[in-house]
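In what comes next, chain A is part of two complexes: it sits with chain B in the first one and with chain C in the second one.
Here is the complex of A and B:
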């Protein structure tokens, strides 16, 4: 089952070769996609109804969307582009507000006690609440989604930056002071690198929460964007539209997780040993620790 | 460690020493007291400031229907509780969470053990676990709404789909961190399989299972209310939608804050306390 069986030298017989190929991790991934498709196809055959669209229909819908052929008011590129634009603006505001607050909280105890409970409550607040409140306050348009993104992300920024400031190694600061390292170089080479993982965590978790909130805000407080388009298909009772868009959402999530955050963390943490560059997350493809 | 014979010369010097110690202790205690006082001072002034700001905003800056005063919300909460509405809707939402989360927990724990022990299954499920962690809950809410229609089944299935991965991820982390040397030692001493499971596996995994409950639960109640907003016929989410559609900020906030306080209480106080009690023997993880 485990890695030990994988590293066994391949036996000459073709049957054993096939077994070895099947045991490779890559084939596991491919097989998981295939088995999902098969299960889905079987489900549509067993439960013949309008509710569950067959895979072929959904794939056709997705292909049309990719070619920008659609009956929805917005093409795939327009809707996701607009959503990411709102996300970017909202996140920028969240970082602009959250970073100074986080710094203050990390450096001064009174500020921390003053704000702590409210930040924790904000952290636990479902983004649905932010979306609906922003919708009631700002009505339909760009403002409500952007504000939702900011509200959903800002507490993550504050808490992570504060934690980061508390984690700057004091010995390193003392040593750079003793060796007369200039202030700018201390910030650049000591404070900045040790704050970086926390900045990164803020970006990642803030991003995830904001993305979820944004989609909700688009459904109830907007008439454009990716969230609104999936709701459009829902209201139009087009099941292939809902499933197709849901798959687009999942693909975008995987893409961001694998490409953007994976690459970015490798770049940002290039000063670390190769094994600890990944943000600790068990579902990622971190090198196996249990060994053979 | 000192035997009785050695203690006697010690006794002569002890008054002085204990005096010093007592002084130090008193100093330390005083410092702690001052710290605690300052903490509570700032904390309370934080509450006063924010609630004051809220009250100020609602009475001077904007209309009541945009930012209702805190007292109006409290009054509304009281009405909700007194009228008994609260039991109907809390009951509906909580039963959804209870059913959905139990199923998700059992499946997620099994899946986590499988993934934690085998690289092959890790690659098999890896994409799906990650995708359900990062995909907006709305997607699953709409999908289950489409398949199951109005009623309670849709929210239950949505809860199962989303909280499985949160449970799985935490259990995987535990299984991967399992100390192999302890297991091999137990094997070397010919402990039975059951004894290994009972005395090595379970005690080691307990904190991870608890974390899985907390994370899973915190996502379960959020997705349950979200799905209820779309297809619920009763429950907190259903009430949230009703208040939202009638633009009643007071009612909306009253329902939200009532349930939010309740969920936070369950998550932070009840679960945490249970965890502390069960993990008393391992103070380093019973945080």
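Here is the complex of A and C:
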């Protein structure tokens, strides 16, 4: 057995500590936001406030909106509530249509070849086009935004579910067959859980694309919802309203990502390895017993 | 204890431009408390044989019977990798393959987990276990269905030597205690000699070329002279056939 002498590392100086703090990932991210705010504030000194409102003005606007103090026809809660309703219905339709199509594409080659080009077109299509087309077909109201959400999300659902079906682990299906596990139990305990990562990918990408499409549809083809309110502020020449609402969009997207998708994903994928939860080897595998 | 009866079992795979014979009219019988190993070089049809026996694949021709008295025998299968459902706990993995999932079944699963020294891991996920522990969970799963016949496909080949040795010992104890019929596929001749009552030697092209009865007394020590001599004898037989095992 060899002996090693461990030396206590020298304590870093306060200057080195500051450099380490600044070099940390979290600091870099905080600094990027502070830099943006500083640049924004500086820009307002040279650019008229009708074009770029000062951060304080935007914050005041946002605070008023949060308190439901607004001159817009819809409060923040009404507009986002309505938009979420449309988003929810649109996404539900996208999953209801996209899941069986994705399953069929993943399972049957002819279906995949038949639909391949449409899927590629669907993925490449900008949400703006869906918003305009839906507006043209369905006019003003709830239908155009809902259809836009569905059209913007459905291809992501199809492509991810199809990919998921192709990635169901064959060795687990064989294991189930070898033990004579029923078809329904195999679908429920093998196929469905193995589709979950792809389902989540569909949900995240579908949501992101649908959210953009929804806002555009509400700008062009609606008289209500968060997208329409941002248009209201545009028509009213209130730059703080436009920027403030844009920030609400970002905040809402981040909140949904962190609070809904993030937590749901942590729960659904709780079985994935985490080193801190690993349990120790039992004594029987220790070499000492082997030699006994 | 089950009986396996194969008569001229044949399996052919048709690829784009050729036909590959994986099993070439194989006939043998295994019954009672036998531990039969199937050995041979890579590509001799060992795993295909187990896949056909378990119903994962179907034979091209021939006759196959797996019975327990008058009824169809119940099978347990231990794979090369543990093949546990990663999203289910160890206990749920055992319950997944049971026909009935009542309190009694749960207790039986727990008993088999304890037999392989995993009694404390029922609520853990497979990713929290080491490779050896996962494989033991796979063995517990196979035994927990109380099968008449246990099929094992190179179950220790992915493990380090020490863990493999420990598991071989545990498997032998379980087999002695439960009196199952075992068909054990391996490419490790020493392992086959250590565990088996009979060895079936397969050659490339899916031929069953020889059967060797192992009458060394149990328990056998893999490092003993007797096992080394028996291993050398098997290797000589392969060499005589010009089919050196890999």
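Operating definition for what follows: the second predicted complex is superposed on the first by the 238 of 292 C-alpha atoms of A that agree within 3 Å, B and C clash if a C-alpha of one lies under 4 Å from a C-alpha of the other, contacts with A are read in each partner's own complex, and residues count from 1 in each chain.
One rule holds in what follows: contacts are C-beta pairs under 8 Å (C-beta built on N, C-alpha and C of every residue); 3 or more make two chains touch, one makes a residue touch a chain.
Keep in mind the model is a prediction, meaning the values are calculated, not measured.
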Item to complete: Between chain B and chain C, pick out the one touching the greater number of residues of chain A.
Response: B
Worksheet item: What is the contact status of A:166 with respect to chain B (first) and chain C (second): first, second, both, or neither?
Response: neither
Practice prompt. Could you look at A:67 and tell me whether it touches chain B, chain C, both or neither (first, second, both, neither)?
Written response: neither
Practice prompt. Figure out whether A:115 sits in contact with chain B (first) or chain C (second), or with both, or with neither.
Written response: first
Worksheet entry | Partner chain in contact with A:179 - chain B first, chain C second, else both or neither | second
Worksheet item: Looking at the overlay, what does A:17 touch: chain B (first), chain C (second), both, or neither?
Response: neither
Worksheet, complete the sentence: Dual-contact residues of chain A, meaning touching chain B and chain C, are 281-282, 284-285, 289-290
Item to complete: Using the touch definition up top, name the residues of chain A that touch chain B in the complex.
Response: 1-3, 6, 23, 25-26, 28-29, 31-33, 36, 51-52, 109-111, 113-118, 121, 124-126, 128-129, 132-133, 135-137, 208, 211-212, 215-216, 219-220, 227, 230-231, 234, 239, 242-243, 245-246, 249-250, 253-254, 256-257, 281-285, 288-290
Worksheet item: In their complex, what parts of chain B are in touch with chain A?
Response: 38-43, 45-47, 49-50, 66, 117-131, 133-140, 142-143, 145-147, 165, 169, 172-173, 176, 180, 218, 222, 225-226, 229, 240, 244, 247, 249, 252-253, 256, 260, 264, 267
Response to the item:
So, in the complex, the side of chain A touching chain C is made of residues 171-172, 174-181, 185, 189-190, 193, 196, 269-273, 277-279, 281-282, 284-285, 287, 289-290
Worksheet item: In the complex of these two chains, what residues of chain C are touching chain A?
Response: 51, 54-56, 75-77, 79, 81, 83, 85-88, 96-97, 117-118, 120-121, 124-130, 132-133, 145, 151, 162-163, 165-166, 170
